[in-house]
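Below you'll find a set of structures to go through.
Presented sequentially are two complexes of subunit A, the first with subunit B as partner and the second with subunit C.
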Partner chain A sequence: MSRKWREWTITLPSMGWLVFFFVIPTLLVCGIAFKNRTINGGIGEGWTLDTWLNVIQPSYPLVVWRTLWLSGLTTLICLFFSIPVSYWLARLSKEARNWMLLLIILPFWTNFLIRVFAWWSLLHSQGWLKQALVWLGLASPEAQLLYNEWAVLLVLVYTYIPFAILPLFASAEKFDFSLLDAARDLGAGKLRAFVSVFIPGISQGMITAFVVVFIPVLGSYAIPDIVGGPTSEMIGNKIAQNVFVDRNLPHASALATLLALVVLLPVLYSIFTQRRQKRSTGRRS
Partner chain B sequence: MDGFIELRGIRKRFQGVPAVNDASLTLNRGEVFSLLGPSGCGKTTLLRILGGFETPDAGRIIINGQDITDLPPNKRPINTVFQNYALFPHLCLWDNVGFGLKMAGKPRKFIDQEVERMLDLVDLLDHADKKPHQISGGQKQRVAIARALINKPQLLLLDEPLAALDLKLRQRMLLELDRIHDEVGITFLYVTHDQGEAMSLSDRIAVMNQGRIEQIARPMEVYEAPSSSFVAAFIGDTNFFKAHVSGSVGEDYSTLAIEGVPSVLAYNDKKLQRGQQVYLSIRPEKFRIQREKPAPTEHLNMLKGKVLDIIYLGSNTKFRVECGGHVLMITQQHARFMLDTTPLTWEEEVWVSWNADDGYMLQRYEEADARLLDLPNEEESVP
Partner chain C sequence: MKNRSKFPMFVTIGVLVFLYAPILVLIIYSFNDSRYPGAWQGFTLKWYRTLLEANSVEARDIWRATRNTLLVAFCATIISMVFGTLAAWAMYRFRSRLQSLHQMLVYAPLVVPDILMGISLLMLFVNVNMSLGLTTIIISHTTFCISYVALVVLGRLQDFDHTLVDAARDLGANGFAVCVRILLPLLGPGIAAGGLLAFTLSVDDFVITFFTAGPGSTTLPVQVYSMMRHGTPTLINALSVIFIIVTFSVVIFSQRVLQKRDNSHPHI
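Then we have the complex of A and B:
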């Protein structure tokens, strides 16, 4: 009894914080989606489902699809590069590793928006990256590097790759590298040992990396806004547009709710299957 | 002696420090060969070189006439039982054991059949679905052995395979290893720092010290006829006497002059000449200790001494006896009912005797090796 009480008192502050600043606002946003809008951009009286019917616009499936594939591809590319990096980091000497980690975190010392603008100026027609590519004959002078999905993808990967490296490194650091020797000993080539032993060994880090990259990228708005164009809008841009330009708060809320569901459903699914798995292994032993 | 596996002049340095220094040895088909030595003696490095995890700076490795020095681990007909087992934590025991055959691209049916056979060999068929973290240390050990044997290697490397197990389990696994070896009949190279494991399991032992192989011999030879003070001191206990040859008795025996005691007789297998310096090593159990002066027989050495310490251990007693400034470690086995005897006591005058054949002369001696012995502390040495 007293133990239960103690547990509650310890959890209460963080629980309260989460409920007050996270759960309640989310529910409010969700609730606003069922409200009428007023002409001057406020929230009207009464409840309605009209907003939800409006959300099913012909242009939206495309935006949602684009958001999903951009987020998915960003996550895949981040994982693809971060896994070897985490392996390499974990095998470095402690001192060298600390320097490398510092280098990975270093960009965070510059404001996020400034870094995105830096990419904008690099990719810009007069930017030196573009000029260099033209000079090397890799791009035609008329080619537009900015304002398309690839520019968005590039900057998304650049921004989120450290978030993938860090949890993967934390996993790789705990990995028992003698397992790779064992795999090699049993006849696996270098790549085969890496794929069949190292990657399963850091699966926990991969899940974390997936979550901390995929979810923020889904809701990203500044990057497609700055380096993207009208053909590379993501759902975040639509929400922002509804809040700041169209002054349609219920519509923005509906979109935000939709996004939250997209994120939540796989999480709920994984929690559910994990619990089921635990129960089944529990039965076996 | 078919020289089935041959290591020729292996050298390896780590950051300039020699780990293995000119090691050469030959393994016979089907034998259990041990690399025995203290930690840091280079035995694990030599094993890793054999496995292909380290490249030697110099030297060649030949198996069955084929030079495998430059082959990667996955191309060598060698498998390893790692010290910490290195079982794949994400795979069940069945898949762990089947890993090697899967890598070899064998058909599913064949793999299933072989895995079943191997798991049966190590008596773990009932646990095939479990993950490594669900089984005990001894069981992990057996999985590691099954996994290493399934590819039918020409040579099985075992890196301190019992180090992580408790004493009782270690003894059981030792018998188990012996049984498995009898059943599969392949060559075992066993790396250990435990002389008991090496002595009981091996056909031959290579004793290593500071990157060098000091001696390669059968366990009994290593114990009875060590090639150096290191081997004598590392395997079992012994007593060292600094001596020089003072004369000869017949063709095979020499008298040795030792400071502080009358000259003693020793079997001179090394044909040493008069005046040459030598060290005499006598194992504690080779001495006899008694109150009365023993009847002199041919080749019997005897010294008068005083008992300093008595450690009664049930089946035997350890004595520390002072003889002419030397402190001897003596072990006496008790074959008789002890309560019917009057045991020796502290400070008692005794006669210590041994047969000239039971001492062994060493030409290679290092002062530092005496520190490996179970010697009395400096401050409580003879007054």
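Then we have the complex of A and C:
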């Protein structure tokens, strides 16, 4: 058996599967975006640009903008809280650290929908959180905590914060903490040392955390569907609505293509920065 | 370091409270004698009884969904363990143009949002006239599980000592013997860890399943979703608690096993 032949035989199963069930479907979606729908919800013959003209209707820029700012804000909040957590975890003893990590990951292992449901029942008009806020005088009894953008933001942060903590911790673990002492000796304040020494030190983790939070949030569908309302829909909701309610597959495909383009930007950015980093470390060694 | 800031510790405690509080409330609600989440109406076990007695409509649906979920997860895990391990081995063993393309293909499903994978697979199944059901769910789950298995196994392969394979070959072992007697035992833990991850991801998946499931092939997350939308939300509480107990014990158990193994073979 030649080496080339051996390589192909062990590469082919996974590659074939992924080409067939990942690459082809993705191309199919891009293609269907240029088709018409038939009356009974199927896909028409011939090519058209009508679907795209329909997508650029007045209500969509709002939905795209909302998707972007909700994803951006979720990522920022997750990073803001995860950085101190990763700092603290990295300075713990090895055993305490493992237990703390397990404690952080554990809720992530419970079913995602169940966690969203837990928030739904907390924020519900009869829920405890709502009742507590009313009792404290922070919310009026008629106030609706559910079905708005803030509920969506809250649950998005809740769901994705472990995804931000893990890569940041992985970076912080490798950080040389004596650098902080050095900065302090040279006269930097606590906060100054943290911001200008620790944060640049974990920049690789920050990029990873950004990608693993921002991208899935862009495509989120279940969370805005359950705790959000008509005024807090994201692109994902519009895609699902076109598939399950309006039965307009070309329209859904056009929206999915749009979402894919939005997702591609941060991916290309992270590949670019990683390659540049690799090149600069390569030069050093 | 005496005057180290207490701030990061407070943030961590705050984050942990934030992570666990809803789950705790869910557990308390599961014993609440009220049809809707809200004021405490008294302690009851009736939700658990409805679930476990299996003669109610809800219980029957839930157990069927559980069976579907486990069946899908089992099939997707087995297929993705084989394909993912092969993929990892190919990427580890060969450095070529083909492998960088292969690597890109394997990593891509990890960054693509679920909804895009869901809709594109749905379009494929619609186009080839495949009726939606358990088979389409298994195919979809396998597609994202392959990448996770490959990633985990590839991680383990980084510490793999390839001279063992050369030694076995020098001693006259053929390709098959090398696979069965050297590779599988050494890579076993990595493959198992990848399989465990694939299994949990498959059980947990909602969005992709929602797009590729047909009538009668409801899995547990999809069932929970429809119960949430129309039906008995309080029953979900009890179901969640059973779910949480099962997953927490599996995770803690596997963590224990993995940690013990790591301790017995210290990495140099």
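The rule is short, and it goes like this: the second predicted complex is superposed on the first by the 249 of 285 C-alpha atoms of A that agree within 3 Å, B and C clash if a C-alpha of one lies under 4 Å from a C-alpha of the other, contacts with A are read in each partner's own complex, and residues count from 1 in each chain.
The working rule: a residue touches a chain if its C-beta (ideal position, glycine included) is under 8 Å from a C-beta of that chain, and two chains touch if they have at least 3 such contacts.
Since this is a predicted model, take the numbers as computed values, not measurements.
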item: When subunit B and subunit C are modelled together on subunit A, clash or fit; value: fit
item: Subunit B versus subunit C as contact partner of A:Ala182, first or second or both or neither; value: first
item: Partner chain in contact with A:Val23 - subunit B first, subunit C second, else both or neither; value: second
item: Touched partner set for A:Arg192, first subunit B, second subunit C, both or neither; value: first
item: Spatial angle subunit C-subunit A-subunit B, Cα centroids [nearest 10 degrees]; value: 90
item: Partner touching more residues of subunit A, whether subunit B or subunit C; value: C
item: Partner chain(s) touched by A:Ser203 [first = subunit B, second = subunit C, both, neither]; value: first
item: Contacts of A:Leu102 with subunit B and subunit C, given as first, second, both or neither; value: second
item: Least Cα gap, in Å, left between subunit B and subunit C after the two complexes are fitted on chain A; value: 5
item: Where subunit A meets both subunit C and subunit B, residue numbers; value: 181, 190
item: Subunit A partner contacts - residues on subunit B that touch it in the complex; value: 51-53, 72-74, 78-80, 82, 84, 86-90, 99-100, 103-104, 129-130, 134, 147-148, 151
item: For the subunit C and subunit A complex, residues of the former touching the latter; value: 1, 5, 7-9, 11-12, 14-16, 18-20, 22-23, 25-26, 29, 36-39, 82-84, 86-87, 89-90, 93-94, 96, 98-99, 102, 105-106, 108-109, 111-117, 119-124, 126-127, 139-140, 142-143, 146, 150, 200, 203-204, 206-207, 211, 220-221, 224-225, 228, 233, 236-237, 240, 243-244, 247-248, 251-252, 255, 259
item: Subunit A residues within the subunit B interface of the complex; value: 176, 178-179, 181-190, 192, 197, 200-201, 203, 284-285
item: Residues of subunit A defined as touching subunit C within the complex; value: 7-8, 10-11, 13-15, 17-19, 21-26, 28-29, 32, 43, 81-82, 84-85, 87-89, 98, 100, 102-107, 109-115, 117-122, 124, 126-128, 131, 158, 161-162, 165, 181, 190, 211, 215-216, 218-222, 226, 236, 239-240, 243, 249, 252-253, 256, 259-260, 263, 267
